[in-house]
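Paired with chain B in one complex and with chain C in the other, chain A is shared by the two complexes that follow.
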Partner chain A sequence: MSKSGSLYIERESLFHGLDGSIKLLMLIAWTGFAFAFMDARVFLGMILVGLGILKLSKLPAKAIWPLFAFIFVFTLFNSIFLLLITPEYGSKLAGSYTGIVTLGFYSITLETIFYCITLSLKYIAIMPITILFIFTTHPSNFASSLNRIGVPYRVAYAVNIALRYIPDVKTEVDNIINAQEARGVAFRKGDAGLATRLKNYATVMVPLLLSSFNRIEVVSNAMDLRGFGKSKRRTWYHRKNYTGMDLAFAALSFAVLAAGVAIKIMVGSVYWYPFSL
Partner chain B sequence: MNGISGFFQSVVSREGIIAVVVAVVLSIVIALLNKKKGRHMSTKTVVAIGVGAALYAALSAISIPVGPNTSFRIAIALLPIFGAFFGPTAGFLIGFIGHALNDAFMYGNVWWSWVFLSAMMGLFGGFVCFDKKFDPLNGICTKVHIGLMYLWSIIGMFVGSVIAYLGDVYLYSEPTEKLFVQITLANISNLVVIAVIGIPAVILIAKSKAKNQGLKKDL
Partner chain C sequence: MKSVVFEDVSFQYGNLDQPTLHHIDLVINEGEKVLITGKSGSGKSTLAHCINGLIPFTYKGEMNGRVLVNEKEPKGLSLFAMGTQVGSILQDQDCQFVGLSAGEDVAFALENDCVSAEEMHAAADRALKQVDMLQHKNQPPQSLSGGQKQKVAIAGILAMNVPILLFDEPLANLDPASGKKAMETILDIHGKTGKTIIVIEHRIEDVLEHGFDRVVVVDDGRIVFNGTPDLLLAEDILPRYGLRQPLYVEMLKLCGIKAKEEDRISILENTIKYKDQVLKRYMEDRFADQRPDNRTILKLQGVSFRYFKEDPYTIEDVSFDVKEGEMLAIVGNNGAGKSTLLKAISGIAKYQKGSIYYGDKNSENKNDDNSSSILGMNCINSWTAKQRALAIGFVMQNPNHMITKDMIYDEVAFGLRNFGVGKEETDARVKEALKICGLYEYRNWPVSSLSYGQKKRVTIASILSMGPKVIILDEPTAGQDYTSYREFMSYLDRIKDTGVGIILITHDMHLALEYADTGVVLSSGRVIAKDYIDRILADSWIIGKANLKHTSIERMGRLFGVEDLSAFIAYFTRRVTSTTDQSPDLTKLVKQSLSGEGEEVPHE
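Right after this comes the complex of A and B.
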């Protein structure tokens, strides 16, 4: 993570050239579209398109793969958990019953495994555009793009402040924990029991809060002196006019979102299962 | 097959309506809160939201796992704390922005339904500020206020859980039995974090800010 607290990677590509607000719109449309379905074919298609988009954006694979690795581990745990707790849920959805493993009254069905795969694909399908947004949007563009799609500028500015202070606050947390550890307060596994460790974190919280309140005081005074919040509207240094490409992608996003909502209303959330009789 | 899809359609529409109603009620509550004040957020609130969300994201790195995809997150303690010091709007936005940013940057994927659990805990944690006398930064925090903080936190958790549940079932299509387990585990660990770290921190800060602690009038 860079000093600015964002993951932005500078490249020359179609998606770097798009306005941040358009990419945010694409993110919303893409997520909304994925929410409308429970169909492995759709998710596979979305993953392929998403990977194509990531390829076009020329982001280095090294930056992206840890996130994909994480989602694989996450969905794996999620699936194991699902199989443990609801081993027959998929059969209820699909309407057929094909047992594979049976241990007394507990049995895993083929349908549930297929359901877990569909759900995992859904989580993965939502990912590419989120990655695109956070890796190709310059942090200075972040707040202005939020403001442009209708978030009040004070809230958008708060997001900007959050991004700016994440690295500073992280350093501060580390410093306080190190200082307390030097005094013999246990934070690590094996040094003390769970309850004690948890209680010890209270000794981090109070100094952290007091220094943060000081920081809030200083920053808000500085902003007040510069007249923040005086006018109803605000202009942004990094804002550019929309280009033709921006408008094209905006139209595409609206179309996708409308299609998703229409399908959800007309057909409902239909679960696709290929092997049913 | 037809019967099953029909069954699911009816469930989706009924629960879909409930979800929409919950969202509308919440936005009305938030709009009323803003209108009641009759003015915009102060600069201090804006900065508090920013720094609070940064703290939330930074502290999210510290977690002690207790179950499948569930853990003690120290960051949760920030929500009632910032709610108590800066009001419900700040609490709501800290939960929302902090959780969404952290999810996006750590995992490249935002769990929107669980973002609302955090946001609701911040919002309800801030309701203790309705009592105008409550002023922890000047050392005013009575036993009644402490009780209220616990009460609002629990209500916030409950409302947030309902939203997380509806969101996970109708947007992410997770099965309900699994969510009961996850939400129960998450709420227990959140409650412990709030009871052990969150509210005691407010009390400690209020105590340290109390005026005229050691001074007595000389007669």
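Right after this comes the complex of A and C.
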């Protein structure tokens, strides 16, 4: 995380040059497309294309891998829970029953395992574009992007304010915790039990909330005095006119989304299971 | 044209049962530079709210009389329309910085005005250039200093192109050198644009040295003075209302000099005609210089700390001693490493090099390893922050960050209870701490009923009750006006007399000068001087190197050609402090200000 608390990584690339709203549109289209399918082949293809896009974005692998690692762990746990709770769900979808592990009533089928893999691939397939949006969009561009795709600017600007003050609040929390710790309040593992520590964190909330309320009052006065909310629309310092490339990617996104929707309507959500008899 | 007119204005906030402003009559003309001053709670901020439109649009209440801003009544307009007339700079640089970069923040008002992006960028660049911040255009607020944020805020107002600029306590959160630059920026803008400048501030000396046309003093919701700075200083107005006079003026008064308005003493250079009188007094009445030589209780030796291995040290090779009953000031500009040093001493930051020794009389045999103790003190490098807390207390700048209990007694007992101290001993220690801090009578009051300065005293009591031999205070007087500042410092003096060593971390040169015995000057993480505070402040090289601000006593000493500047500074600050600190009791001060009696500086 950079000093400003945002995840943005400055690079010179095709995707850094795109407007934030286009990247948001791409994210929506890509996700929509992924949800139209339940087909491991499609997801594998999407992952390959996605990785290619990330390669083009020149983002450092060091920044990307933690997120991939996170999603791997997430899907792993997700799969374990699926196997525990609905061990035969995949068989219902595939219409065949190939038991692998059987313990009394409980049995895991090959179909379910394949279903878990497909689902995991689906989540992983969404990752590249999400990463692209998060890391290549300047934080100042988030709010204007949201506004540009139709979110009212007052709501969109709340995102900006959150990004602006999260680092400040974090510093404040650190300060408060340090001060309380010096008065013998336990926050660390080993100093006290979990329940006590949680209670202590709750105590810290009192001064934090009070100062946050005060901050909100001052921030909103400062914004009012400089005319926030004056008219029905506002312009944005960081907004540029769409370039040809922006429009091309917008068109591509719409095409992909339309294709996804069309397939969904015409074919339905097809679950691809290669091993059925 | 008249920029601001108040015609018999009274105002009462909807949630209060007393009016805050009483029958205010005031005219501010176009292009004037006016300072509005007064104690905390005098109503000066309310006056500002009436000018920028927060009253009546955000803060509701009952107003009688008439306010005119650029010949229009705010209540007939909207808050947005007021925004095109008055540009406000608020006290809190962080909260008014709403953009994610300097450029974006400057353009904020333009965005709201639907100005096109190209035009907006050009206007923002122009405004940033005016305050000399263009090179920081793309920086996020977290990497800008307080002074730089202030300049960005000023640029933001300049981009709006409003005729009246209103500054609500612009110096409150700035170190003196940045404060000086901020004032210079404000005046530079005045010189270039001729806009009306209204500054609300209680750091009077820092404003007046920049040449203001007029000063308005507000006390208890009424205007009690409205005239030139020369008249203000000549007539002893400030001490009468619990406000601080410039140091050099206090000194003139001390020497029995009665100046008149036409002597124009608001300009320091004009005091040259009193040279003989001042020097005569100084030569005749030097007082014995007592420097206490007590036992050392805290010793830092070559302490260095860096946040990341690959970074340079934030503080490097810091060494100094703190003695029993000593008040030591650590001075230095923002970014000099003051707060990092504080973290190192309190154990929050684990320093990579150096050692800290602590010696309580009763703890000499605590450490078995003799090699780690010197002069009867124990090395505390391995102590955790929690262990150190009982030896070295730390009082944060903002009391609201420390207070978590509802009742004063519980707040002061909190630390002791956490450390498992017995009930009876807790009770005794809490009561003792409350007595020293003058809060004993309030022990069963809720904390929320106290003023900011009183809360600050509660936080000191809560640290004191834990029995540390060293107390560190981070900017102890920030956010307090002169009356509560002095009162607070006199309690600290009392604590000092019990043998506790006190470390003040501050950028307030006046505070260091008047109350500290010794000083340590930090610059870029290194100690560049440690000496008696008057000698430090007499040394131009140190002041320049550490980017501190010259005090007016020192400037006057130079003007008069005094050879031993340090003795000159020491003499007058001791005299000034000792004559003004005779009535530290708040109730007394309140009574005085109510009965209208001024605190006369005695002419012995």
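What we mean here is this: the second predicted complex is superposed on the first by the 250 of 277 C-alpha atoms of A that agree within 3 Å, B and C clash if a C-alpha of one lies under 4 Å from a C-alpha of the other, contacts with A are read in each partner's own complex, and residues count from 1 in each chain.
The definition used in the following text is that a contact is a pair of C-beta atoms (placed from the backbone, for glycine too) under 8 Å apart; a residue touches a chain by one contact, two chains touch by 3 or more.
Predicted model, so just to flag it, every value in this text is computed and none were measured.
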First (chain B), second (chain C), both or neither touched by A:Pro207: second
Touching A:Val42 in the superposition: chain B (first), chain C (second), both, neither? neither
By the touch definition at the top of the document, which applies to A:Glu181: first (chain B), second (chain C), both, or neither? second
Which of chain B and chain C A:Ser140 touches, first, second, both or neither: second
Just checking: does A:Ile22 make contact with chain B only, chain C only, both, or neither of them? Give me first, second, both or neither. neither
If you stack the two complexes on chain A, which partner ends up touching A:Arg164: first (chain B), second (chain C), both, or neither? both
Determine, under the contact definition given at the top, whether A:Leu257 touches first (chain B), second (chain C), both, or neither. neither
More residues of chain A in touch with chain C or with chain B? B
Once the structures are superposed on A, label A:Asp191 by its partner contacts, choosing first (chain B), second (chain C), both or neither. second
Please work out whether A:Trp236 is in contact with chain B alone, chain C alone, both, or neither, and reply first, second, both or neither. second
Residue overlap on chain A between the chain B interface and the chain C interface 5-6, 160-161, 163-164, 168, 204, 206, 210, 215, 219, 223-224, 228-229
Chain B contact footprint on chain A (complex, rising order): 1, 5-7, 31, 35, 38, 64, 67-68, 70-71, 74, 77-78, 80-82, 85-86, 89, 93, 95, 119, 122-123, 126-127, 130-131, 133-134, 154-155, 157-166, 168-170, 173, 194, 197-199, 201-202, 204-206, 208-210, 212-213, 215-217, 219-220, 223-224, 228-229, 264, 268-271, 276
Flag every residue of chain C that touches chain A in the complex, lowest number first. 52-54, 57-58, 79-80, 82-84, 88, 90, 92, 94-101, 103-104, 107-117, 120-121, 124, 140-143, 156, 160, 343, 346, 348, 385-386, 388-389, 393-394, 396, 398, 400-404, 414-415, 418-419, 462-463, 466
Can you tell me which positions in chain A touch chain C when the two form their complex? 3-6, 139-140, 160-161, 163-164, 167-168, 172, 175-176, 178-186, 191, 203-204, 206-207, 210-211, 215, 218-219, 221-231, 233-240
Using the touch definition from the top, list the residues of chain B that touch chain A in their complex. 1, 4-5, 8-9, 12-13, 40-44, 46-55, 57-59, 61-62, 64, 68-69, 72, 74, 77, 81, 85, 93, 97-98, 101, 104-110, 112, 137, 170-175, 177-178, 181-182, 192-193, 196-198, 200-201, 204-205
